[in-house]
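Report on the structure given below.
The chains carry the letters A, B, C and D, assigned in the order they are written, with residues numbered from 1 in each.
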Amino acid sequence: MFTLPIDTLIVFTVTTPFVGWIERKLHRKIISGIYAAVGFALSGFMLYQLSSQALSSPMVVPIHAGVFEACLRVDALSVFAAAIFLAMGFLVTVYSLKYMERDTGLSLYYTLLLAMITGMLGVVAAGDFFTLFVFWEFMCIPSYVLVAFRKQQWEPVEAGFKYLVMSSAGSATILYGMSILYGLTGTLNFAQLSVVMTSAAANVWGYVSLAFILIGFGVKASMFPLHTWLPDAHPAAPSSISALLSGIVIKAGAYGIIRTLFMIFLPSRFSWQIALAVFAALTMTYGNFAALLQKDIKRLLAYSSIAQMGYILFAISTTTSYGLTAGLMHTMNHALMKGLLFLCAGAFIYRAGTRNLDELKGIGHKMPLTAVIFTVAALSISGVPPLNGFVSEFMIVYAGVNAGMLAFTVVMLINILLGFAYYLRLIKIIVWSTPTENVKKVKRAPTLMLLPMALMALSCIIIGLYPAPFIEMASKAAQAVI
Amino acid sequence: MIPLSYYLAFTAILYIVGIYCLATKRNMIRLVLGIEILVNAANLNFIILSANWKTGFVDPFAHSIVIISTALAGCISAVALTIVVYAYRHYGTLDARKLRRLRG
Amino acid sequence: MRFDGIEAAGLTVAILAVIVSCVFIAQNSFPTPYSTPPLKSTQSVGQEVSKFMWESRSLDLIAQALVLFGAAVGCLAILRSEKDEKKVKSE
Amino acid sequence: MLPYSPWLAWFVPIIGCLLVPILAKINGKLRDWFSFLFVAISSVFTFSMLPDVFNGYLADVQVQWIPYFNLSVGVLVDPLSVFMASLVSFIGALILLYSIGYMAHEEGLTRYYFFMLLFIGGMIGLIMADNFVQLYIFWEIVGLCSYALIGFWYKKPEAVRAGMKAFIVTRVGDVCLLLGILILYFNTGQFAFSSIQNSAGFLSMSLLTTVMLLLFGGAIGKSAQVPLFVWLPDAMEGPTTVSALIHAATMVKAGVYLVARTATIFPSLSSDYLLVVAGVGAVTAFMAATMALATFDIKRVLAYSTISQIGYMMFALGLGTSGGWFASQFHLMSHALFKALLFLCAGAVIHITGTRDMRQMGGLRRYMPITYATFIIGALSLSAVPPFNGFWSKDLILEECFRLGGYTGYLLFFAGTLTAIITIAYAIRAVALTFLGHESTVLKDKKLREAPSVMTIPLIILASACVISGFLQPSFANLMSQMFPKIADLSIMNIEALPLSISLLALVVGGLPAYMVYVKRSVSPEALTRGSLSRGVYKLLVNGYYFDSFYNYVFVKGTVYISNKLRKLQTGILNVNMLAFLIGFLFLLGLLFSALQGGI
């Protein structure tokens, strides 16, 4: 049907509610979670088997897909993105086993989680713009629900509604842009579009379509004036879901921008780079400034995600192969780092029961291992070598200099400094403070939660020390679209 | 025959009306309707442009897209309305502007 | 009817956008598609569409069914009964 | 040379730091002594390379790392790197030995030794690096360690704040450094020093000046020069051993090393760049020395004196002659020795008295004779009294200024002499306030005694090194002549009469009033600040020329203000969000269309 990794995930998605039914009969709350984790692992294995073929040449499903046929097209970029999504999905599922144990409706939770990742896999594998859109909705709808999953509190409901309205408006905007694109070219197949748009003159209507699509994806990728849902939705969701939202869901937006801008609105025919760079600069500056004084740990991290998306957008806006490689590297690294930070925040919240930084003071002394992991992630995201965040930020800055966008690069460097400042503040509060009264009784984090966190922290260090193979992968992925 | 431009202007205005609805209306259910208007603007655009191809020819491609996307819009509304139910339970109102405890 | 700031701003921007789009559409005629038509159709559109959909967009249809499934699960998840719901609600 | 010593010199401390948490599980004492041992082993490796480089051995070993950037990880063995590495590992080992006594009763020692070892390992790695990226990575690691170590006493909020300040301020410089490295790479396609050296000739002079200035920006941050010196005095909140390490061996010397290294990479330096380096160095030397006169915190006095002495090194480098280059390195060695000595003495004093305020000390000469004697040696070296090492090196710097002649040369000579006058004054002031006179009332009920021998042994070693090292100039010049052949001329300690007599006169000019005021007490020190003008000057000095307040007002307060304003944009009203959506859309359309029309 689709490619094997997606099919596997679909099977698991559809069967998880039944597993949940069995789970209730057996009175074991953990089965559906393990089932979902197995699903991710299996899908990851399938992806690995697929990768060698897909990396060398794009794989089209069905094989003789016509111009008007819905099709999947798995190339190096798809494999790269899908690998990140699956890995994060797996780790977060393992984390959720413990983290979500106090909630009800767990089998539905895992179903939605699987559905969301399936949708993302479909998004990156789609070879047709409309197929991408259908999978996009398949990703979005579960994510709305997951944000509002703890509906017995007001915050997730409010955030979920805002998220839903803005994001759906974004989806509709993509659809509108797509319709203009269809009117211009008569097809929505990516391969075909790229051929047609190369030969056709850059029409004014092409620019209109570009604006619609960029804004639509920009909502998901939290571009500056469209970011407003993010600081609400990411903190309101359960921490495991925040890790996925900040780690990979907003990356799907970046993926959409990369795919459309590089394969349809080719940078050689459409001059969008300055516009995108302006938006990127606004996004990173706003994100960093707003994060600076936050009192809520998850809100701070959410704002920082906006800033980091600004870096990725800036990397994309250089339009060079270097820049795209850097952007993809940062996509991967940010997924790891921000996911890790949210998971750590989740561990703190799980034990201390508060998100307020004033009340979390010195909690690192009670949860030493979590604190060390948190510090690694925070230093990494603020670009301190030899951790992975440094590698990609270095590459982005290089790409900026290389593309001759010196002014924007300087803006980015200043932003890195700003981000560095509030992450140091965060480390100071968590690690370098005397414990307050209400964290005195806190115990260390459960092993099942520590396990995925430790794994991610380790990979942060490994990617930082020996980034060569990962850069190789990212560069291959970048070559696939340029 | 009415020129294509009129139709395009119509969908563009429909899109703007949708955004206007989202940007000014207080009632949450109206906001959900606003999203529907946006999707329908896009759908109409597909239909219009499918006939722009060649005189006397209508492209089935666009129509199949519209059929699918209508169903998707329905899904979104369903989820949106269930969330609205809970928002009403928590806030006791359907006024979207009362949902502003999260800010800053 | 009384206008507040947001409504006034929304109306202004919306009218601006309408004017811009109308002027734009009036000035730039929409081109015909660049590629060649897919089918030589003589049948009525309705029949053609259903045939086309099953033949060419089957993947999308399956994905659409999945979205429906996802939305159903989502609604279920939000509307799930929760015993301690009332207790936690008062925050 | 021992096998693989260029690699092991920094591997050993870094691996050691990873072992520290494991050793700590076994036994606290074991951890302390092993940390010392690791650095001692590292210093064995670095010293083993000295004979080889003396005999003209040069090596540049590379192992491929990131092929995408054509980047290797490598080590560079040449006189400069081996000399610096030996100095760092030697002083690092002594400081760790000293910490066994000094830090014995502290909490969180695992953290302390972890970061100390990483600090030393990082610094040696920085020195041995053969390319800019590796240098930058270690540069940041050093910054990270300084942050963790300055904030070691996390229960004191000032300490944590000082740590953050150090990290952030030095990172401002690092951003410049990074940009410089990238622009350099973009124009040469290389990161490695040797390859850049080969292709540097093709670069235009203006580009080269830009790059060099950006690199120097990094050095300004790390070496605490004007205008980024503000972090160093605050960094005194950390344990004294950390301050000693930062000042004598690791952190602040990194900037000098970078400037010295770039001087060997780019053979022709533009005069603009040299002028900036020399100017910054001279201004820093003078300003910091004056600030040292006004402070009562013994560690801050030493901190300001470090800034001032680094300023000397910088302006020696800014002369642009091989003699100046050599003099700066020579002074770096002297400074490392005497500053380590002074800090460790100060540490011993603080250890015993429990205060850093010199007004609460006094009269310690009777109770701590060894510390007193060694402190005197350090102070004499600092104020360049013959025959201690500070004299030889500082005199060489002044002589080189004199030899260069011209406007710049004489101006720098004048600035250096002026600074020397102030230097001896504050050195005498520090000695007198701490050790001479009567004990203050605060100390009456404290049990005053000499520090334990594990602390005094490093003091004695360093003090004797201070006496000896000045006479090593000939062999040091021989060693360094491989970098610049002309340096060989300096292997004879020929002294020119005029500069020598001027600098000796400076000692008297500065020393005599200070002696009268602080030792003889013929004029009360308080009387100096009585006049309205001198009161103003005093206030200016105490507040560090208001650099700190300025930064605080403009950057910290400004950022907070902007942040608060920007946060208002998140109104939380969905309608407003959608309005922003529409406006953003129109803005994007506008940008795209102006791009279409070739506007941008």
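Note that in this section a residue touches a chain if its C-beta (ideal position, glycine included) is under 8 Å from a C-beta of that chain, and two chains touch if they have at least 3 such contacts.
Quick caveat, the model's predicted, so the values are computed rather than measured.
A.B. asks: Between C-D and B-D, flag the pair that has more C-beta pairs in contact.
C.D. replies: The greater number of contacts lies at B-D.
A.B. asks: Nearest chain to the global Cα centroid?
C.D. replies: A
A.B. asks: Could you state the distance in Å from the CA-based centre of chain B to that of chain D?
C.D. replies: Chain centres of chain B and chain D, defined by C-alpha means, are spaced 63 Å apart.
A.B. asks: If you average the CA atoms of chain B and of chain C, how far apart do the two points sit, in angstrom?
C.D. replies: 6
A.B. asks: Find the geometric centre of each of chain A and chain D from their Cα atoms only, then give the gap between the two centres in Å, rounded to an integer.
C.D. replies: So the centroids are 42 Å from each other.
A.B. asks: Would you please write down the residue numbers of chain B that are in contact with two or more other chains?
C.D. replies: In chain B, the residues touching two or more other chains are 19, 22-24, 31, 49, 52-53, 59, 61, 65, 68, 72, 75-76, 79, 83, 86, 90, 96, 99, 101-102.
A.B. asks: What parts of chain D, by residue number, touch at least two of the other chains?
C.D. replies: 567, 570, 572-576, 578-579, 581-583
A.B. asks: Identify all positions of chain A at which a residue touches two or more other chains, and write them in rising order.
C.D. replies: Residue numbers touching two or more other chains: 68, 130, 134, 137, 141, 144-145, 148, 151, 154, 161-162, 165, 169, 173, 182-183, 186-187, 204, 208, 231-232.
A.B. asks: For the protein chains shown, what form does their contact graph take: line, ring, star, complete or other?
C.D. replies: complete
A.B. asks: Which residues of chain D touch chain A once you look at their complex with the stated criterion?
C.D. replies: Touching chain A from chain D are residues 65-69, 133, 136-137, 140-141, 143-144, 147, 151, 154-155, 160, 163-164, 167-168, 171-172, 175, 178-179, 182-183, 185-186, 559-560, 562-564, 566-567, 569-570, 572, 574, 576-578, 580-581, 583-585, 587-589, 591-593, 595-596, 600.
A.B. asks: Can you list the residues on chain D that touch chain C in the complex?
C.D. replies: 573, 575-576, 579, 582-583, 586
A.B. asks: So in the complex, which bits of chain A are touching chain D?
C.D. replies: Touching chain D: residues 161-162, 165-166, 169, 173, 202, 204, 207-208, 210-211, 214-215, 218-219, 223-226, 228-229, 231-232, 271-272, 274-275, 278-279, 286, 289-290, 292-293, 325, 379, 384-386, 390, 394, 397-398, 401-402, 409-410, 413-414, 416-418, 420-421, 424-425, 428, 431-434, 466-468, 471-472, 475 of chain A.
A.B. asks: Enumerate the contact residues on chain C facing chain D in the complex.
C.D. replies: 6, 9-10, 13-14, 16-17, 20
A.B. asks: Hey, which residues of chain A end up touching chain C in the complex?
C.D. replies: Those residues of chain A that touch chain C are 1-2, 10, 13-14, 17, 66-72, 104-105, 108-109, 111-112, 115, 118-119, 122, 128, 130-131, 134-135, 137-138, 141-142, 144-145, 148-149, 151-154, 182-187, 192, 196, 199-200, 203-205, 208.
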